[in-house]
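To keep things simple, chains are lettered A, B, C and D as they appear, and every chain counts its residues starting from 1.
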Amino acid sequence: MSINHLEQFTITRNRTEDICAPLEIEDYVVQPIIDVSPPKWHLAHSTWFFEQFILVNHAKDYEIFHEDFAFLFNSYYNNMGERSQRHHRGFMTRPTVSHVLEYRKYVTKKMQELIQDNPSQEVVDLVEIGIRHEQQHQELLVYDIKYILGSQPTHPSLGNYFDLKAEAHQQEWIKVPGGLYNIGYQGDAFCFDNELPVHKQYVQDFSISTKLITSGEYLEFINAGGYKNFDLWHEEGWHFINNNNIETPLYWQQQDGKWFCYTYNGLEELNRDIPVMHVSLFEAYAYAEWKGMRLPTEFEWEIASDKFNWGQVWEWTNSAYLPYPGFTKVEGALGEYNGKFMVNQKVLRGSSVATPPGHERPTYRNFFGAGNRWMFAGFRLVKK
Amino acid sequence: MSINHLEQFTITRNRTEDICAPLEIEDYVVQPIIDVSPPKWHLAHSTWFFEQFILVNHAKDYEIFHEDFAFLFNSYYNNMGERSQRHHRGFMTRPTVSHVLEYRKYVTKKMQELIQDNPSQEVVDLVEIGIRHEQQHQELLVYDIKYILGSQPTHPSLGNYFDLKAEAHQQEWIKVPGGLYNIGYQGDAFCFDNELPVHKQYVQDFSISTKLITSGEYLEFINAGGYKNFDLWHEEGWHFINNNNIETPLYWQQQDGKWFCYTYNGLEELNRDIPVMHVSLFEAYAYAEWKGMRLPTEFEWEIASDKFNWGQVWEWTNSAYLPYPGFTKVEGALGEYNGKFMVNQKVLRGSSVATPPGHERPTYRNFFGAGNRWMFAGFRLVKK
Amino acid sequence: MSINHLEQFTITRNRTEDICAPLEIEDYVVQPIIDVSPPKWHLAHSTWFFEQFILVNHAKDYEIFHEDFAFLFNSYYNNMGERSQRHHRGFMTRPTVSHVLEYRKYVTKKMQELIQDNPSQEVVDLVEIGIRHEQQHQELLVYDIKYILGSQPTHPSLGNYFDLKAEAHQQEWIKVPGGLYNIGYQGDAFCFDNELPVHKQYVQDFSISTKLITSGEYLEFINAGGYKNFDLWHEEGWHFINNNNIETPLYWQQQDGKWFCYTYNGLEELNRDIPVMHVSLFEAYAYAEWKGMRLPTEFEWEIASDKFNWGQVWEWTNSAYLPYPGFTKVEGALGEYNGKFMVNQKVLRGSSVATPPGHERPTYRNFFGAGNRWMFAGFRLVKK
Amino acid sequence: MSINHLEQFTITRNRTEDICAPLEIEDYVVQPIIDVSPPKWHLAHSTWFFEQFILVNHAKDYEIFHEDFAFLFNSYYNNMGERSQRHHRGFMTRPTVSHVLEYRKYVTKKMQELIQDNPSQEVVDLVEIGIRHEQQHQELLVYDIKYILGSQPTHPSLGNYFDLKAEAHQQEWIKVPGGLYNIGYQGDAFCFDNELPVHKQYVQDFSISTKLITSGEYLEFINAGGYKNFDLWHEEGWHFINNNNIETPLYWQQQDGKWFCYTYNGLEELNRDIPVMHVSLFEAYAYAEWKGMRLPTEFEWEIASDKFNWGQVWEWTNSAYLPYPGFTKVEGALGEYNGKFMVNQKVLRGSSVATPPGHERPTYRNFFGAGNRWMFAGFRLVKK
């Protein structure tokens, strides 16, 4: 395996630890909602992945670090044995953070030896997957850390972390002619199974905005009573916001008539020029309805993506997360990776400021439930 | 308005009452699960629709039957005022069944007078919608009655009601060539807004079965441990069957090694030759995975539908229920009709033995949640 | 067995049916909250009791009416076989009301024959218990019917039913000297096992009111902010009222500044002179705290009960429902009758306008959970 | 204030920190069930008590340590302002453990200065209460730490901590003659308000065991099918064990036919000679029923307590936690202390190995819900 892979592996492992560096030990442990995993869990789970899928089978005379860890840090890889219950992750005080960091060090070293030792193509491919997997958890870590700190009544600050910039450019409409387009990843570098096979999609003429909806624009929707007007909402969305008392994006609050927003710098006055984020699909849809427009499909987004800037926040599309025609899931445990989530999820395209370098592909298909709000997700509009 | 409309209206109103004819008064009242409405509620709600959307606005000097009914029998037409809470429908003992039947008689008569009185095109269109709406509730009535009676430990029988026939024909694979196809309703009779606009979809070559999966085939899946093998299931489906202790289709049970199934004739020995029904999308998907095949998309189904028989049970597709390109929802209260459900629902195509005459269109887009099982839904397969 | 027993039995059976006479069939079926059983269930369960505990074992050649009924209308007599799940009672449409009435007629006749046929003392005792049991269900029927009708948005009226009279007499304080008193039933007529054995209790001097708290007095507590002042409440009571949004007794509501109350005559303006009822123990306690007084213990109540009028509503005491010293539960299925409820329940003393004749004993120990409100329960105060 | 008070205060503060000494930082943060508070919370809350109730009002020029802490570490003292939601305690990562320890140091020092400075009797009394309050939390800390560590799949060990000894003495029955007894605290040292006033209770003759039920004896109950025999259980207890799948005391498990129990030393083979603990009132009651005996009342226990050894585990009584005749709650915020819990709780008498020195009084009235199991609670029997 090339030096390049070794370097990439090492950079990835270090980057995960860097993301956690500003945390206190206490911050590593808790799980305030089911979607948010304790940072300690991410640290261990991404390590477990390398141990279980690579070292155990491919490293000569490998001794596993600790027998309990396989059980404790499995997530949904049912094939690998009974997993620890997801909503109990936040009760796990042992192993400690420092024990997990030892685990990381041990596995990193063993992996580095394996990578340097001229491994088979199978191992090379698994390392590639393992790196991607850890990078995906890096982005979740950034979200989860925000949620954990944002749940503290004391609004702690991490200082400079992952900040958005203003959408400073002029808003314009890009006209895209209808027709048959190829969709899916056509390069020869890495991509996930859900980006394949390349296939044709017929789309109609459409016009898409060059600019994301900003916090300031979204505030107009709030002020216009958008959250009180059921005509704008999906039936399920209307129940969602009412059952959860949702009247703003996550992390927003009003004090004495002024709008504030929790950021990694603590509670700050709302910046109206940056893209709105921490909204659900339901809210993005309602905003679009209010404007008499709509969200793009994932195909429209992919086709037009070289015509606008993207990369600050993931962008909701109105496409359901479904297999491309001819999609086949990988055999074995890694086959659980993507296909099993292809129901009741919506596709998001693009990337965010928290996305690890190398994950920004216009064909990348991220997905979340329509009610998820803790990730960095915003949206742009298409004319009806 | 033509005699034809008057006749169609009258036939529809009578048919609803015929469907309920074998019930005892007690059967009209209960709501054993949130999805199942009391038959009394269907009787009243379909009547309320005519009263609120047509008579109140278009019949001269119309006096509403009872002022409480507008509140009580609204469903999700939020535009028409606060609705009664859905999960309280089964506590409503008043108005009584006989009072509701009076309400029906009163509104039917007033509607008949209006239809005979040369109404405007707007009214004609609303009558059309009202008839379709009542017909949709007729089918739900058939499902709900089955669920209510099937919940009785005494397994009551209604006698001849809505029975399936054996899928007697030989199973064959129809090859359909890929290419651009027109999708959507192209006739000039009635269709729902969600079947429009007609638009192009590109599909790949595919092979679809001429035959629905039967109860006997599905039993093999059960016997092969299909419900115990997580590899076959969506992540959400796996939780669904485990949290709800699901190990068979709804209404199936095993006694002393023999398989029985609740039908309108009471608890009967399982008929292995009829199409399997009362399965969720999750179960249909898992069965397909087990066979190494897949469910059709709604476009594939529509394209191939003139090449096989359908009409015994609705057929799950793997398509999400989404707007066709260019879809616009109708203005006003009727605009809530379809668009607001276009999230987290799957499309079913075809029709069932319980479908009212005139609703069998190959372009008809029925939809349910992936976990719904009380409706008449089965599936056919497509080769991967 | 004496004519007297036959007469008593027949009167009891008829009275149960008289209580249900004003109902529509629909009213017999529903269960709006877990505590409220469908009237049909009461009709059948009280009949089942005679069939299972007497006829099956003691009537020659008795043929049970229907084999399903034993399963369906058991309540918590676990000894008698698996019981139907309590919260499913409101889904049971079959057997129908008329089938249940046939069941009653059949069992009544068989019982009458048995009673006339010179039965053993064991049977006589069981008949006595069966009559008491049915009478207890009569009182629950009155409560449950009120709850079912009171849940209807249309506020139906039953006309003259079970009405309270004004507490017209002057309020006075009765001083009772402390000392050792005998507690428990000392007569030689029927009493329940929980009223025995007679035993001594030492009480201190106390002063008890001759008058129940009225609706008008309770309204002052509401107007004084009683429901907003946590100092007055038990910790559990404070959560109870807040989690359930309780701000008034059950059935009260305010419209345009006026107070109304649902009664068997429909929604009526609040009568301030009758005893307040439909309050929980928590509310009675909070009122007492507000007044700087307290609720009586069940012993104080019993000792003083010949010194004031009682019988309009059951009266909350601050005593927990516990066995008297030396209490022994009866062997066999009837042994489940009382002892198994002796935890986390409070004792109520007296009787109500809905109490069947013959159940008004000063030693009678009724019991409910501290949060129950649908029964006829009020309270009187004792000076601290 | 005497040197004695200063010493007692200082000893108490140190002891709390000693109890936490073996913990890892991660162990301080989590809340695996609602009853268990994070150790960090106990550390802070007991400190907050001194700050809010004493320093703020009585220490000259006192500056509060941090304004957020008053909000964060209030428990149910509603009088002192809005409290942080109890079930969110386990999401609180900030303030950190070390910040909380600084808070402790700051408040301890200020309190020591105040105590040395000849304080008023009011302050002396409050210090007394504050010490008792912190001692009560010390005992909860011991329970909570066990639950947190016992929830870890890795069964961590703390080494020597709070261990029980065998009940080595011979079991005997002490006969106590009935009559009038004085109940309540009659000394002139500290007692809680719920131990007063001293008053008379009449009890009947009874015989009480000199020995607690042991794990070995309890195992016989399990092996005899005690958890499967509904005749032995309260109705509520039967639902409790079935809804929670309870078949053994908390912390017990069977592996390959052998019985193990989680202790502070990790998972150990069950010691059959020590008193059974971690059973609910429901289980203690069922065991007594199985033996044909009963639990003592709290009065019987108090009367007989100088005739047997106690102090290893708290002992369930069958008495409800109710005010003694003439009980008055203290004015102000401290008045919330005991009276507000006097509903739906059972009294436990004695003390446990985790009880802080000075809390072992035969008149001490501890209380828990009938379903609580995480505290050190066992039981002894009385003959029926």
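Throughout what follows, a contact is a pair of C-beta atoms (placed from the backbone, for glycine too) under 8 Å apart; a residue touches a chain by one contact, two chains touch by 3 or more.
Note that the structure is a prediction, hence the values are computed from the model and not measured.
Note on connectivity: the fewest chain-to-chain touch steps from chain A to chain C number 2.
The chain with its Cα centre farthest from the Cα centre of chain A is C. Centre-to-centre, using mean CA coordinates, chain C is 36 Å away from chain D. One inter-chain figure worth recording: chain A and chain D are separated by 45 Å, centre to centre, where each centre is the mean of the chain's CA atoms. Note: centroid distance chain B to chain D, computed from Cα atoms, is 57 Å. The set of chain A residues touching two or more other chains is empty.
Which chains touch which is summed up as A-B, A-D, B-C, C-D.
Residue ranges of chain C in contact with chain D, taken from their complex: 76, 78-79, 180, 199-204, 230-231, 233-238, 281-282, 285, 318-320, 322-323, 325-326, 328, 335-336, 340-344, 346, 370, 384. Touching chain C in their complex are the following residues of chain B: 24-32, 40, 68, 71-72, 84, 88, 90-97, 148-149, 151-154, 156.
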